[in-house]
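Shared between the two complexes below is chain A, which has chain B as its partner in the first and chain C in the second.
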Partner chain A sequence: MAAKKILVADDESHILHVVSLKLQNAGYEVLTASDGQEALEIAQAERPDLLITDYHMPQLSGLELCQKLKQDPATAGIPTIMLTARGYQLEPKDTNQSGISRMLSKPFSPRQLLATVNEVLLEPAA
Partner chain B sequence: MKFLMETSVRSGKILSILMVACLVGGMLCSIGSLHSLWSNGRLDLGTLGPVLFVAGGAAGMLAISSFRRNCRILIDAIHRMTTQGKLDDLQTDNHEIRPLISAVNEMVEAAERCMSDAVLKMKELEIQLKVATSERQHAQAIIYSISDAVLVTDTFDELVLANESAARTFQFDLEHSRRARVEEVLRDEKLVEMVRDMRQSNSKTGRRIVEHKIKGPGEEKIFKVTLSAVADDNDAPAGVVTVLHDMTREKEVAEMKNDFVSSVSHELRTPLASIKAYVEMLIDGEADDEKTTREFYEVIQNEANRLSRLIDNILNISRIESGLVQINKQPQSLMVILKEALEVIAPQARMKQISLVEQLTPAFYQTSADKDMLYQAVLNLLSNAVKYTPERGTITVQTTVDEAKRKVITRISDTGVGIPPKDLPFVFDKFYRAEANNHMAKGTGLGLSLVKHIIETVHRGRMFVESHVGKGSCFGFELDLSD
Partner chain C sequence: MTLQAQERPLVATGGAYCVPAAVLDNLAARVRSCGLFLMLLDKDGSVVSHDAQAAVFFQRYVLPLVQYGDPTDPGLADRIRKLDAASPVTVWDTFPGVILAVFPCVERRQIGGFLVLAARSVDFNLAEEVLRVCSRLGLDAAWLRHQAEELIPYNDEAIQRQTRLVTGMFKDQMRLAGLASEMNSLSGHLADAYEELSLIYQISGGMRINRPPNDFFKQACLDVLEVMGVQGLGVALSGQVLPGHEPVLYGALSLPPGTVHRLAEQLIPMLHERKGPLLVNDLVADKSLDWLGKHVHQLMAVPLQRQDMVMGCLFALNKSSGDFDSQDSKLLNSIANQSAIYLENAILFDDSHGLMMGLLHSLTSAVDAKDAYTCGHSERVALLGRQLSAEAGMGEAFGERVYMTGLLHDVGKIGVPESVLQKTGRLTPEEFEQMKKHPEIGARILQDIKQISDLIPGVLHHHERYDGRGYPAGLIAENIPLMGRIICLADCFDAMTSNRTYRKAMPLEVALTEIRRCSGTQFDPSLTEAFLRIGAEKFRQLLAANLGRVRYLGELQQNLRCA
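The block that comes next holds the complex of A and B.
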């Protein structure tokens, strides 16, 4: 069975690197994007099984990225985990309408992130 | 005056009666004398007639003349008093009218007492009026000096008093608006309704505080409206005092502070997130070779340094603002400081293929400066230029010397996105970030504020900025050359 494909979007290169390494070590195929716009283009082209995105990014914020993906039927079903230092700012209606499955606040534990990824990928598609 | 006239009329009547009485008395006396002649047979009817006539006439004439003289004296005295406006005792040598004069004099004394009482009362009232007028003017001056808009309306919802600020806020003519209907002056339905509600509540000391938005000629403003019912001396409702405090700026500052806390918290959490994640990776043995392990340690070290710099930035601003910072000024070459900062920023510029152009004056031009602080200011300006300049742009660092004014001017120009004119006056404000360029880079809105503090507060220099949207910005500063 082919490895599940996960897209990671964050403008912090260290975070991108550490998350990628954790997921690769766990056997996932990882795609990376350093801003929202790039992530949108990769998601549309590659159709990943899961998106892990930062909330606060230049060009396109994490929330805007999720909303755009949700609008396109081809990408609407991609489950999303949002990493944010501003979790408190997001309204439940925003997260529900944008297909955000889980929120993890920064600083986060890569161990916990991996556990969440495994959990979300096991859930039946929405 | 009325009293004097009445007195003279009454005196005239009494004198007439007295004159008639004397005339009749004189005639009776003459008749008595003639009667004795008649009884002695020495008087016949032929002589009686003319004698009677002459005696009676003479007595009458004398009496009339005496009355007239006394009347004239009395009338003159009364006229004098009337024209001089001064009451005085009337005098007479005629014993027959003396009781009348005494009565008149008593009346004059009573009138004098009344008059002096009235004068005293009038003086008291004059003083009270002066005090009241001065108190009113004082209260008005206080109301006019208040920067908040103040409007006082009565029980008919008519404007009794308003200040300049109110006239400015609601754009009405202050001079011609007294007694105008509140709806003509305020032209804000909701506010008029609030004033009316407060007045109709018939409260004597009620107070209501509401936040209310008013669309002015420019932008919409937010006011804290305080409506107070006021009572008159008899404790009956007398009207409403409405005070409007402009909270627009306070709200903006509060919002900026919220944004700042949010930005700072994000900026602090980001390096912390990296440190925490990399430490956990090391503990979990995810770094399987020495190279990766070393790389992880370096990331942890760099991110810890970044965290420390960020905290320094925040603390520096706070220290400079509170005057607690330790400043170590020495003659420094600005060119050397600029070169050092350019070296540090070069890798970031290279990543975006931005060319760095140096147009620097020789190193021997020196300025008295705190090297660390000035370096920090220059680095912040260069870092901003890199952040807001698109790929393949150019950043020029130029210094010029004005020998005559003994000044050195530094300009850091970029070919970046530029700053919209509406944001330009606020770019050095703490926490301020131009919304249009928010997507370009992250930041706390502290960098430029710190630069301005370092140049102007610490080095007594002058900071300036020029910018054109789509063309680029130029941030510069002017410092004194040291002797």
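The block that comes next holds the complex of A and C.
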């Protein structure tokens, strides 16, 4: 079976590196984007199996990115893990309507992120 | 991959020097487009890898020459060995029809190997030497010429120039590869740091002083086990700190309780002595710990310290890979330091809470000792009140305050003459007036203890009635503090279900009917509703809850009266 493809979007490059390394070591194929717009384009072109995105990003926020992906039937089914600042909570209506499966607050534990990724990818598609 | 050998280390003296396959691939593809053939040689001149996608001229003619030498020029390896780390690009045209450019790959001023670029020489023709090589290699000379004509011809100067560019490119690529691997290692460290940080966040999030220490440490150990690769993680607290505490070991490693106990007893004084973490990576060699046997081979222990006192320790057994190092002890130590602060606070909290509850009970006992017929009443009102507040959906913390108010609600009776308290007949109006003062007296007795100032409204207003006809203030409905309304219900209910000198106790069902009847007049209707939900079985339990204590107080009163 081909490796599952995961798109990671964050404007902080150290987060991209930490997450990529952890996921690659676990056998995933990782694509990275450093802003919301880039992430949107890559998601449309590459159809990843999962999106991990930061909330605060230039051009297009994580939430706007999810909403755009949700509008396009081709990308609407991509499950998403959202990374947020500690103590920051999204409105439940936003998360429900944007296909956000999980939220993790920064600084997150990479081990926990990987566990979450495995969990989400095992869930039947919504 | 286009190269035959990938990332094969070129051994330079003083360490392995590695050219990443990605660098070679990248370089080979670029020089290929300029008609050049890339080979990597070790420092003895043997080919380590080469561009496997290069033109057949290179594969079939040049590569064997470099690999096996040409009888007319046996000295290639010799010549290569003569180069040193400072050698510039060297060009040789010793092989017929071929030009080679060689430059050393240098790391830390040591030669790791050589990069060789080969090109078809401008002088390529079917001269005698070429024909000789062809026949030796079993190649058809006409075919070879045809292959050679496809290629860009180079002279000394041209290949020299190209190679200088490639040298620079190679160095840049190597630097980038180095940076990338450094970046990976930094990301790895960063990931570890994140892991530790979120572990510490998680553990400190669980530090509520009213959480039982055993519960807290269990969670902390399980959290640490997730992050730290060890087979066992345990906690031991000194008996002086937490009487009755048993040391526990969590994780995959299981040891008999006796072993864990003995280990704990040994570690705490050891840590007290050394005032810092203990790391033993070779237990067999350690005379004092070798009794642990064959299942434990490494140990790390850090103290839970309060100033100079070691309250206990955290200990880790058997690291999954490698030895315990300062990084491990630093992490466990910082967790121990935080846990020690929690532990100290939890103990202080428990102490002061115990002291306060003890004092409240003494006050209650003082009242109960004075009034034989209300014996145990305060405790029951406290329990009933707490149950009622839970039933009405109030939090546990509020329930505790209700409990305390229940204990104290009649404390003012200390100020009512015994003749009134213990009178068996009906009270005269004057006596009743004296009796009615007890809520205010109680409030005055308690007013100086600021930690329980929130209980005073409950004490002061527990005889108010919902319809406003109660005392001391005659407050109506929601104007009566909630605490007062709760205690009022519990107080009346317990009075009804207890024996009094002037009447027998009402059966439970009758008392409940009476409570229901007085809802809205004497009692808050919504609280009454919650109260009636408690259920007969629970009531019997609550009313019988402190019989032992009641019996003791009964004896105490007997003794006091005899004295």
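Following the convention adopted for this analysis, the second predicted complex is superposed on the first by the 122 of 126 C-alpha atoms of A that agree within 3 Å, B and C clash if a C-alpha of one lies under 4 Å from a C-alpha of the other, contacts with A are read in each partner's own complex, and residues count from 1 in each chain.
The rule is short, and it goes like this: a residue touches a chain if its C-beta (ideal position, glycine included) is under 8 Å from a C-beta of that chain, and two chains touch if they have at least 3 such contacts.
Note that the structure is a prediction, hence the values are computed from the model and not measured.
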First, second, both or neither for A:H56, with chain B first and chain C second: first
Chain B versus chain C, judged by how many residues of chain A each one touches: B
Partner chain(s) touched by A:P107 [first = chain B, second = chain C, both, neither]: both
First, second, both or neither for A:R47, with chain B first and chain C second: neither
Partner chain in contact with A:V18 - chain B first, chain C second, else both or neither: both
Chain B/chain C common contact set on chain A: 14, 17-18, 21-22, 86, 107-111
Chain A contact footprint on chain B (complex, rising order): 262, 265-266, 269-270, 272-278, 280-281, 284, 286, 292, 299, 303, 439-442
Chain A residues within the chain C interface of the complex: 14, 17-18, 20-22, 86, 107-112
Residues on chain A engaged by chain B in the complex (per definition of touch): 11-12, 14-15, 17-19, 21-22, 25, 56, 58-59, 85-86, 89, 106-111
Of chain C, residues touching chain A in the complex: 183-184, 186-188, 190-191, 194-195, 197-199, 201, 226-227
